[in-house]
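Two complexes, one shared chain (chain A), two partners (chain B, chain C).
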Partner chain A sequence: MRNRIGVYICYCGSNISDYVDCEKVKDIAAETTDVILSKTTMFACSDSAQNEMIEDIKNQKLDAIVVASCSPKLHLNTFRNVAQRAGLNQYNYVQVNIREQCSWAHSNTPPQATEKAIKLVKAGIARAKQSQELTPMAIPSTNSVLVVGAGVAGMRAAIELAKMGTEVFIIEREYFVGGRAAQWNELFTTNETGREVVSRLYNTIMEANNITLFTGADIDSKTGSVGNFDVKLRIRPRHVKPDCKLDWGKFKKAVEVCPVEFDDPFNFGLTKQKAIYKNFPSEFPEIPTIDVEHCTKCGKCVDICDKIDLDQKEEMLNINVGAVLLTTGSSPYEPKTGEFGYKEIENVVTLQQLKRLIELNEYDLIFKGKKIKNIAYVYCVGSRQVDGENKYCSRYCCTSAIHTAIMVKEKYKTINNFHFTRGIRTYGKQEALYHKASKQGDIFLQSFEDSPTEVYKENGHTVVKIKDILTADKELEVNTDLVVLVTGMIPRKNDSINNILKVPIGRDKFYNEIHPKLRPVETVIDGVLIAGACQAPLNITESVKSSLSAAVKVNSLISKGKIELEPTLAQIDKLLCNWCDKCADVCPYSAIVKEVKNGKMFAVVHEANCKGCGMCLPVCPSNAIQLIGYTDIEIESMIEALID
Partner chain B sequence: MAQINPDFGKVLKEYGALDFNACYNCGNCTAVCSLSDEENSFPRKMIRLSVLGLEDELESSVDPWLCYYCGECSSTCPQETDPGELMMTLRRYLTSKYDWTGLASKLYTSKVWEFGTIILLAAVILVLFIFFHGPMTTQLTADGGVKLNTFAPWKQIEIGDWIMAALLAFFLLSNIFNMYLKIVRSKKDIKIPFSLYFTELWALILHFFTQKQFSKCDTELTGKKYTLSTYWIIHLFLMTSYVIMLIMIMVFLPWFQTDNIYEWWHPQRLLGYYATIGLTVGIVYFIIERIKKTSEKSKHSHVTDWTFLVLLFLTTISGILVHFFRIYGLPYATYYMYVFHLMALFPMLMIEVPFSKWSHLAYRPFAIYFNNLLLAAVGSKK
Partner chain C sequence: MVESKEYDVLVIGGGIAGEEAALNLANIGYKVILVEKDLSIGGKMIHLSKVFPTLDCGACITTPKVSETARHPNIEIFTFSEVQDIEKHAENDFSATLIENPRYVTDDCTGCQICEEKCPVVVEDQYQWNLVGRKAVYVPFSIANPRIAVIDIENCSLCGLCEKVCPANAIDFSQVEKKSTIKIRSIIIATGFELFDPLLIPRYGYGKFKNVVTSMQMERQLVPTRPFNNVLRPMDGKMPDNIAYVLCAGSRDETVGNPICSQVCCMYSVKQAQLLMGALPMADVTIYYINIRAFGKGFCEFFQQAKGMGIEFIKGKAGLIKEKENGNLIILYEDIQQGNVKEAEHDLVVLSVGMLPNTDFTEIFKNSRVEQDLYNYVNKVDELCCPAKTNIDGVFVAGTSTGPLDIPDSILSAGAASAEAAGYLNGGVK
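Right after this comes the complex of A and B.
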């Protein structure tokens, strides 16, 4: 029990004092037992006020303090530091929020605001009386990280982490690195190709001696917690020996003899591929691979190249890392059959297909044997959906479509581009591309979401129709040879990772960060961070920015050798617990495990995993769990003060 | 339902349009325009129709004629699309659309046609004079003037005058009728009561003689109701001079082309001086403007803008010289200058009045008249 308590009531300039009678609150607080001093202050957070508190604590030998001011989100740490500087344990400090909860919420009824403030302050004093001295815990951490996904974001983060001295394991589910960027030719605003960017990153990774890259690899399982994850990796066979020095002619021959043929995902189904493949000469790693799902193991390719080994087996590998960084990226939205004629009208493709088509057609743009003259781009497909689930804007598509339209015009000269938009969002420096497209004669039309663009067949023509708000809602139509659906981004399908790591997923299906502005690359799972387009639709520039920030965040978390944790965790009384499983069941962080000692089963809290959320407390039938810092005694004393 | 025609832009560029494709529909041009109002909102709408290539709608639009090219839109446009020049281009385009002979379109879009026609028409005059001119006497009249009417008797010239006047009237009026069909009759849902054609006629007369819309340019920015701009005054001076001259040579030729030398205060000389000074001042002013390119409306000169000014200049100067050579008794100089004067005047009138820029003098007031008819018919006229 604390019995020398100091209370400070903050005016917050006039934010609080305009509605709450701070002097009255102070006087009533002063009358409460064990309160040694009670003061008002203009700004409790100001330097002078902080110094005054420190003096008070020292001179009056206070053993707990209460500050009634703003939300603890804003100044909890400020006043904890005040307590520490005065030699008081920081957990003997209680913050009462009389700004958001009283003056702001009840500005139309000041007397009641004051009444509420008095009660909250009394409750705060009651809690301070029961408060205990606590020490933060520290757990050891390994300075190594697992980066999941070797796209541009993952590779860039890996390189930066390695430079800072962190051991990096980077895994890629596919057999080649680069993710989506490797599929793109020219990229917007730099005119570099996606491949150039990827090769540069790959070469840097190969030169670094503390990065290990695995392709064809997934996470099989994970145990442990921040600072000390044990991850089991499953590495699928490549069926081509690592010492293969690729001879392109020999490889071509092997491809020729392969009897298997299926839709090529690299070209989004525009072409066919064989079971043995490498999508382009400068794809990394240099050696080709065999698609096990489609391969019939006929052995014909083995006759040509002895480096092919169809008997390679899957391998498992255990690694120990301090943190996991997810850079799993995104996929293009796949339109539903019939959505703007997709898969029903023969000349409707996606923007991604068009990009591949441009690379495959050197002189004229030919699709299904027909020379293309008019292209209609239908925007916001799979983004900003009125009825569908994807309410978000995918951000990159306007710029990407316009950039592609410019490429089309530059490469094929006579093609007309028609853009059926819902408002162009070529934000920032990308606006220059919009200007360029307009100048080159592209026609932009715009509709609202309530009258979407229509694509249909009429007299053998594919017609795109819009109610154009830029032409006084006039209905306009274009006969087109190719309709390009400007599809947005969706996160990659990562079911197994999601099951294993339990990263929170937002309503938009992308991974959720803790705070979009202040903690943009951390998740609520300690030690699991996110970056790039797995978190939100981002272009390459933005993905790399987020991956670099995640790299720094990972390094600062694990490189010190130990990680400090808040002591406000769940604590289980082994004597009272009879292991009923209920607490473990509700714990969102898998922090409660069963232990058996001398034949008795009981629950134990894994401290590194526990976030102190308190979900386990109310379900415990024997009331064996206490949340440190929010014990029953503390909470009950607060309730008593409130109803007094 | 309308079909978009992206190739239309190329057509308009031949008529002089600049970078109108770059428009992103912000509408600043319309907001800053002093003449645009709720009923006739431009230039944004015209730019949009041009970008989309909706020719039918453009052809039935009256808006290009309601613009007097103050240039505020062009200096305000964030995309530098030059809306003012587009409106000018549309006036050229519409002039060629009203012209059923197709000649206007050829003259606007082909330099070969433009200069070929000028040379051909000048050659016609030259040939006529070579074969049919009267005696080139060096004998002077009693008061010392050249006997011009012996070399070119006014009776014969008048016959030519009348033929030319008939041709000009025929082409111009038929083009105006075509304009009427496109602007008024194409709007099938609007029925115009017959009486309106008379009650609204005042606008035609008022705007033809005053061109007062010029004075409303820039008023959106200055906040004044009218601006007494140099441009308007000079344009009015030029226009009245031109009309006086046209009436004098068409209707009063025997009185105008006389061998008598009147006193300086005689109306024949005073009117002649007013008209020639007005023409000279106007031409010089517009030539300087186009060379200096200081104002938006003189920044961009289509080849036809220059041929018009040059032909008008040659006609005026040669006319003045004929007058002075005659009264100072220089027979050969008078005769040769007279032939040259007609060689400049004939192509100038034949090309400019029905097929090119002079026709705007007629189209503009008619456009206001037609527009008022339509607005009055639907009851939205202010």
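Right after this comes the complex of A and C.
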């Protein structure tokens, strides 16, 4: 039992004190038995307040402290650290959340917020009294990482991790690397092409000794925890032998004889492709592949090239890594049929299709046999939806559309660009592009939130109509040859990864970080990090910044040979346990196993796997399990204090 | 001759980006020296109230980082200090001169502020953006780190009262500037940004009309460590009830030499407007904008929330501000939606000032030059693949030294700089 307890009630500037009477909470805490001192503080987390606590702990010989402030998600570690620096065991510190749970939740009823805060603080004191000295567990970690997704973000993180001395496995679901960037031509701001960027990164990866790349690869399963994940990879066959030195002549012939033809996803369905393919000459790895979904195994290509092997089998590979970094990227939003005429009106395309069209058309911009003169860009398709699900702004599309419009004008000269916007968001230096487009004569219009732009067919013409804010509410119609839907970003479909790794997903369906400012690339799953456009819409530079941030976090997490874990584990009383296997059955981490000693069967907890979730506790019929740090005695004393 | 101290990385600037970069590198095990020109680390962020789009208080996010940086065994901090004459001798081999300015107060200071009570000199408090006064001897602000006093020697009357009352005997008028040489292997520039000076737009009347304030002055009135206990307008201390925000004050404006968008003003104005609805429930808040740039994760939803709270958004740039006798202000603006020029009266006008580059980094290198981009920020020579790389190998850039960025983006930019620096220090791809 602890009996020299210090209590600190934080104002959080005014976040708490505006609604909770902190002085009253402090006074009542002071009257509680075994509380030696009770204080209020403006910012408990500030350096000066921390130092004051350390002095108090030392001078008053405190044996436990309670800080009533914000959520432990924010500052549990801050104050544990204070305890430690003062020579106190960090688990003799208890945090009480009177900000999120009192002042913010009950801002309309301050007296009740105060009352609740008093109860919670009393419960916190009760828990502190029962708190034990605990030692964190140290588990060994391997200095290797699995990067999932070999787009620009993934490849860039892989390279920097390798430079820092971490061994990297990088897997790509597709058969070629580069992700979305490989599909784009010139990029803002450097005018490098997406392909140049990708080939630069690919070549560096090939030079590095400590990066292993697998294409056509997925995660099959995962066990273990941070520091020690055992991951099983499924590597699908490429059907072309790896020692194939690509002979373009032969390859072209093989493509010619292939009888299968289907819509080419690389060109967003603008062209057809064969079952044996490689999208462009400098695509990496420089080995063609066969699309097994469409291939009929007729064998005609095998007759031309002996490096093709239609009997290749899927391979499974086990790797051991300390952390997993997800850089699975994004997809363009696919408009619904009829959304701004998509798939119903013949000359409605997406921005991504236009980008491919520009690359496929050298001199004039031709679409479906017709030379294009007027292009209408309809913005925010799939973003900022008033009625639809996607409430968010996709961030990159304004700049991307304007950049494309400038390329169109520079390449084809006579084309007129009409932009049907909802307010241009070329933030930062991207503003310069907006300015350039305006100067080159592009027309910008802006619709009202409640009356969206319309696309329809009239007398054989495709018409785009807008109620335009910029000309004071005038209704304007433009006859166009091509309507370009500026589609937003959605996360790539990753159902199997989501099932295996269980990374939290936000309302916008992107992966969720712990906190956008404090821990922007970490997830609540220890050892699983996220970066790039799988997290939120981002452009290439922003994706790379986030992936490099993740790289440095991964390295500092796993490069020291060991990781400290919370000692909050399930503990089984062997004498009470009669092995009924109910606990093993409910454990989501397979951490409980049976052991037999002297004829008695009982359950044992595998410490590295146990996450301290507590699932096993309520199912035990003989009450043989305690969760360290949350023992029955601690919880019961808290309940008593709450109902007192 | 004194031997020069050696470190792995020099981080210039102790704002949120500099701290993040320093912590990342220190956590891997590199020795970091962090040099901050100002009296405290924490940069601009430590002075902010709640921050968008999560509305958690700026201090709650930044003070733990400040304190983690301050006590990290691998980080040595020099506040009120500068670096000069940086020279590159070879890869992984730089030298620099470290200049520590005299505070005239020793480290024995406990921050008790008794000296402040006695000091007879009152000048404008730069940490409250001149809204109130401070003394010539002062602790910069309540959550400063280090929390020790300094003597503003230019304004000090040398009366010596502080010296007499200091219980720790920490006042030392004999301090002088200290110069030393340091050796480092890599450098991160994180010198941050400057705020646009609205005096450059005379037609908005800043400096002439008392009730025209900057967004930073409004921000200070909304923080827990605010100078007054409520939001007051400067002329008469009245609580305003009809507040206007003028966006793009000094941004997207070629006439003041800053054609680019500052990327944060829309969102911080929307945020302040939301906070004002809480602080002054009866007040009307109007935001005059060109485009609302709510582009980041959760921003658009935050903007929609503001509209739902009843904040009025008018699409139109303010052209001219006039003052009435009672101190109220008339804004002349083009109401784009209706296509005419209109007037509106407000009792407080907030100019949402933009970001400008802090160009200090151009003067600190001896035989080389850090290249600037078109807008005078640090030029990124390989923006797509190595967003922190400058024209000098081994010198990286983080945060708003690269261009206008919000807090989450600054933190990611700092992450990138620390990763690239770590890769450089470890010798590249093997």
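Operating definition for what follows: the second predicted complex is superposed on the first by the 452 of 644 C-alpha atoms of A that agree within 3 Å, B and C clash if a C-alpha of one lies under 4 Å from a C-alpha of the other, contacts with A are read in each partner's own complex, and residues count from 1 in each chain.
The rule we apply is simple: a contact is a pair of C-beta atoms (placed from the backbone, for glycine too) under 8 Å apart; a residue touches a chain by one contact, two chains touch by 3 or more.
On a predicted model such as this, the values are computed, not experimentally measured, just so you know.
Participant: Please work out whether A:473 is in contact with chain B alone, chain C alone, both, or neither, and reply first, second, both or neither.
Facilitator: second
Participant: What is the contact status of A:631 with respect to chain B (first) and chain C (second): first, second, both, or neither?
Facilitator: The answer is neither, since A:631 touches no partner chain.
Participant: In the superposed model, which partner reaches more residues of chain A, chain B or chain C?
Facilitator: C
Participant: Thinking of the overlay built on chain A, is A:418 touched by chain B (first), by chain C (second), by both, or by neither?
Facilitator: first
Participant: Touch check for A:438: first (chain B), second (chain C), both, or neither?
Facilitator: first
Participant: Return first, second, both or neither, reflecting whether A:498 touches chain B, chain C, both chains, or no partner chain.
Facilitator: The answer is neither, since A:498 touches no partner chain.
Participant: Which positions of chain A sit in both the chain B and the chain C interface?
Facilitator: The overlap between the chain B and chain C interfaces on chain A comprises residues 424, 435, 470-472.
Participant: Write out the stretch or stretches of chain A touching chain B in their complex.
Facilitator: 374, 416, 418, 424, 434-435, 438-444, 465, 470-472, 474-479
Participant: In the complex formed with chain A, which residues of chain C make contact?
Facilitator: 24-25, 27-28, 51, 53-54, 56-57, 59-61, 63-64, 66-67, 70-71, 111, 142-143, 145, 147, 223-225, 252, 259-263, 291-301, 304, 315, 336-340, 373-375, 382-388, 403-405, 407-409, 411-416, 418-420, 422-424, 426-430
Participant: Looking at the complex, which residues from chain A come into contact with chain C?
Facilitator: Touching chain C: residues 11-15, 42-43, 45-48, 50, 70, 74-75, 78, 85, 152, 156, 159-160, 162-165, 187, 189-190, 192, 197, 200-201, 204, 207-210, 384, 391-393, 395, 423-432, 435, 469-473, 508, 510, 515-518, 520-521, 535-537, 540-542, 544-546, 548-553, 555-556, 559 of chain A.
Participant: Show me the residue ranges of chain B that touch chain A in the complex, using the header's touch definition.
Facilitator: 1-4, 6-7, 9, 19, 21-25, 45, 48-49, 51-52, 54, 79
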